[in-house]
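Below is one structure, written out as structure tokens; the observations come after it.
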Amino acid sequence: MQLGLVGLGRMGGNMRERLRAAGHDVVGYDRDAELSDVASLAELAEKLDAPRAVWVMVPVAFTDAAIDDLADVLGEGDIVIDGGNSRFSDDAPRAERLHERGIGYVDVGVSGGVWGRQNGYGLMVGGAREHVDRLMPVFDALKPEGDFGFVHAGPVGAGHYAKMVHNGIEYGLMHAYAEGFELLTASELVTNVPGVFKSWRDGTVVRSWLLDLLDRALDEDPELAELSGYTEDTGEGRWTVDEAVRLAVPLNVITASLFARFQSRQDDSPAMKAVSALRQQFGGHAVRKP
Amino acid sequence: MQLGLVGLGRMGGNMRERLRAAGHDVVGYDRDAELSDVASLAELAEKLDAPRAVWVMVPVAFTDAAIDDLADVLGEGDIVIDGGNSRFSDDAPRAERLHERGIGYVDVGVSGGVWGRQNGYGLMVGGAREHVDRLMPVFDALKPEGDFGFVHAGPVGAGHYAKMVHNGIEYGLMHAYAEGFELLTASELVTNVPGVFKSWRDGTVVRSWLLDLLDRALDEDPELAELSGYTEDTGEGRWTVDEAVRLAVPLNVITASLFARFQSRQDDSPAMKAVSALRQQFGGHAVRKP
Amino acid sequence: MQLGLVGLGRMGGNMRERLRAAGHDVVGYDRDAELSDVASLAELAEKLDAPRAVWVMVPVAFTDAAIDDLADVLGEGDIVIDGGNSRFSDDAPRAERLHERGIGYVDVGVSGGVWGRQNGYGLMVGGAREHVDRLMPVFDALKPEGDFGFVHAGPVGAGHYAKMVHNGIEYGLMHAYAEGFELLTASELVTNVPGVFKSWRDGTVVRSWLLDLLDRALDEDPELAELSGYTEDTGEGRWTVDEAVRLAVPLNVITASLFARFQSRQDDSPAMKAVSALRQQFGGHAVRKP
Amino acid sequence: MQLGLVGLGRMGGNMRERLRAAGHDVVGYDRDAELSDVASLAELAEKLDAPRAVWVMVPVAFTDAAIDDLADVLGEGDIVIDGGNSRFSDDAPRAERLHERGIGYVDVGVSGGVWGRQNGYGLMVGGAREHVDRLMPVFDALKPEGDFGFVHAGPVGAGHYAKMVHNGIEYGLMHAYAEGFELLTASELVTNVPGVFKSWRDGTVVRSWLLDLLDRALDEDPELAELSGYTEDTGEGRWTVDEAVRLAVPLNVITASLFARFQSRQDDSPAMKAVSALRQQFGGHAVRKP
């Protein structure tokens, strides 16, 4: 089928290739003329037969602007899909704004990172049944072959919600392996830490794709000596904790994983300075100067 | 090769089958005569040509007794393998006791649960190089086919140590998925929670064998309504936290997962009673009677 | 000085008494005519000489309505004080709305609970210097005697912000004692748990007002047998964690305390059901039916 | 009464002064002749009338040696008191060894730090009723005046157990304030962070001795700029977590406080390196070099 695709960066560019390889007719637009198939959103809209479907794949800071611009060139019966990392709570207002012009809205959480072009992308979709049905050929091309990798999770917002939780879980999984790595490294007994991780890739309860990746990283750098522990976080982990707080769900593991990232970016911890100050006050404990 | 196998319960019995299917000559002993190939450990020793190798696969509470009994019927040059869930710190004393009689000792952490007979077992091995080399035909038969599923992790104790950390990680992984399940369940937006988990099985960053199992469980009982949250813990999770404390490794995620199991077994929390008491005292907050 | 006081519930009523005892001229209004000094906000405004100061002390859900109603009967140069448990982020919009009418706004976080009338209230104040200065006689009467119990923490919002953090800390303090209570209770060695808490009230590092209250509670009920662990949370704890997430501050202790309250209100944990499901799947572990 | 006192360092020296000020006859021994009243333990024993009581106040690494040396110069009916920071599980074996010679043993957890000489020490005592009764004059002199500061917590070991839990709680309390300090510091709204802490010293729910000390530290250094966050831990925090694990008590707050100290001593986190490695593998996320 025909699909407009706005945003041809690493993710969007790969998706265009995967869709075209599956026989779809993709018209891509990017502000970077080198990447773009058309000169403007207006041209993109012209090149698509109505009712159109246009997938937006831009950094989250630009999504609302891109959708508003699109709304000006699209019309009744068209559908806009946001495949970026939007916060789920932004979806309903967008859907409403588009609905006023007769334009449908579908939100898609996309997982798979740089591996998606080859393996297929995990797709979590929110929106009206009729809109999702119309887009199934696109979803089928993007997702991996087989029974998995796609879900219509619920109404508008549910796709990004599921992706948010996916990323929250991802934080926890990564940190569980990371803690195991640190403990094995600290042990006097285990002399072959990379070998232990490699062995776990089959036959064990902890085997996973993330473990495969960690083994791959350890193959390249067995002590991870070339890496700093300084770790960014993207919005999804924070939103997950915000939701936990809102819904009164105790999320100790995922929150600890998020807080560990915050910690990793501190040169020194103000909280621990306060602890040091207290120890000095009551115990005369020696403390370190910075 | 020839192998004695002591303990023919669920794990030991399955391992006997997998070893025999690979062409090994296994002589099994169990206190349950129905399961046993021989009437006694003495007969087991007789049926094996020296130098012998005998794998002990009994509940951890009986391991030391089984090994001491074996020591009486084995002799110089033989090897005892403990494949049970022993604490790593029990391995060195055992190895020393056996060494005095010229008997070797190898510890093996075995992962894979009830699926191991079919998929192969993940094996983490500790011991002397020469002992491990002699046992490689057995390890090759038990492990999954392919490049993974086996590691010689270090000297005596390293196998159980690696298995301990494996289980610690397992606690964290399980709890990360579990928290995601709870948050999705609490959300008003996601209407197809089991579908979300199923979709994650391919194309996503969180795909894993545990996720496959959770999907399987949700297929059988989409709301897990037939299950209680009451959850036991085995020793490995506790030992992992003990090691974290000993080695000064911050293990927030794995510890939170362990503590959640403790919590799950409490009808009411004494700590939260104290919090209730305080709120009542300072704020006149209404509190619940039990 | 003269002060209008809107809301004469437990907190407001006590504050009226403390202010009058200090010689202030308080005109109180409450929807409950039995408690009220005047029949309406209009009458309250009439009874005060301009420039007026009116302190709002109503449940947070009614604060905005009360302030809007007040704005209609107050005028240029008057000041509204919110002493309720508002979220700090609500203060700036209120201040702006009032500012359009020439009315000042000061936010006050009030601590001390039911003990405040006797001991004095801890006051954390946000607002413009000139407004705070005008209100100092009121603050001096409400706060405890001595050097402490009052701070001008910053501009509008800073008072409620400081109170929010105060309550976050309070959660952590309470839970630290609570965990100690649970561990002592679980120990086989300590036979006099209430006596231990009582002893800590002097000479120790952990002495505090909360400890005094816990001792008081244990005097009444040494095993806290008459209490349930079911514990509510008010907004401040959640807002504290939201701020930690927003500002990337790792707040493990306070967050764990909040999550423990969430947990205390669950009959069964959906997360732990998922853990149970996984254990059953991979290990054939027996699980409990609900 | 007469008391032998072994170990005249900061704690022991202060206690000698407090005891003498109360009229007790203290004979002190220290390896440092400058501090010591006698030349040897033998001379110390001679100077005391039987039945003797000797209080040992030495660093925990030397406690067992000091007690064994004492046992050689003491006799039937004498009592040894350990007031150091021993692990509770060391008490019963010591008591047994002394009991074989007819010598009693009492363990005392001592709180109060450098402030104890002036304020009195919090004393948590384990031992037989008859031994504790005989020592009451000493306890009365060391403890603060008033109703608090002393408990006979249970049999041998209970004193150190209570002190261990006291210190675990202390970790949690300190960290709760520390987190509040960090959040206030991060806030754009609160301009007077030290003033907020000072205000809390009266009228609030969070007032405590530790808060007084934190205010004192902030008076000296309002941003704690002269301190590093690097923080040691003594044994009690670790033993508390070990007990939590042994007794299956979920101790999230105290454990998080302990782990934060571990974290504070790491230049870079091996766990976070593993997280960085994973992010780089699946997402092509930029990572920092060390």
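A, B, C and D are the chain letters, set down in written order, and residue numbers restart from 1 in every chain.
By our rule, a residue touches a chain if its C-beta (ideal position, glycine included) is under 8 Å from a C-beta of that chain, and two chains touch if they have at least 3 such contacts.
Just so we're clear, the structure is a prediction, and the values are computed from it rather than from any experiment.
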Same-residue or different-residue interface between chain A and chain D, half as cut-off: same
Chain located farthest away, centre of chain C as origin (C-alpha): B
Centre-to-centre distance between chain C and chain A (centres being mean Cα positions), rounded to whole Å: 38
For chain B paired with chain C, centre-to-centre distance based on mean C-alpha positions, whole Å: 47
Centre-to-centre distance between chain B and chain A (centres being mean Cα positions), rounded to whole Å: 33
Numbers and ranges of chain D residues touching at least 2 other chains: 113, 175, 177, 179, 182, 186, 205, 210, 244, 248-249, 251-252, 256, 259-260, 263, 269, 271, 282
Chain-level touch network, classified as line, ring, star, complete or other: complete
Chain D - residues contacting chain C, complex: 88, 111-113, 116, 119-124, 126, 143-144, 146-155, 157-158, 161-162, 165-173, 175-177, 179-180, 182-184, 186-187, 189-192, 195-196, 198-211, 240, 243-244, 247-249, 251-254, 256-257, 259-260
Chain C residues touching chain A - in the complex, by the definition given at the top: 205, 233, 238, 241-242, 244-246, 248-252, 255-256, 258-260, 262-263, 265, 269, 271, 282
Interface residues, chain C side, partner chain B - complex: 10, 113-115, 174-175, 177-179, 181-182, 185-186, 210, 213-214, 216-218, 221, 224-232, 252, 260-261, 263-264, 268-285, 287-290
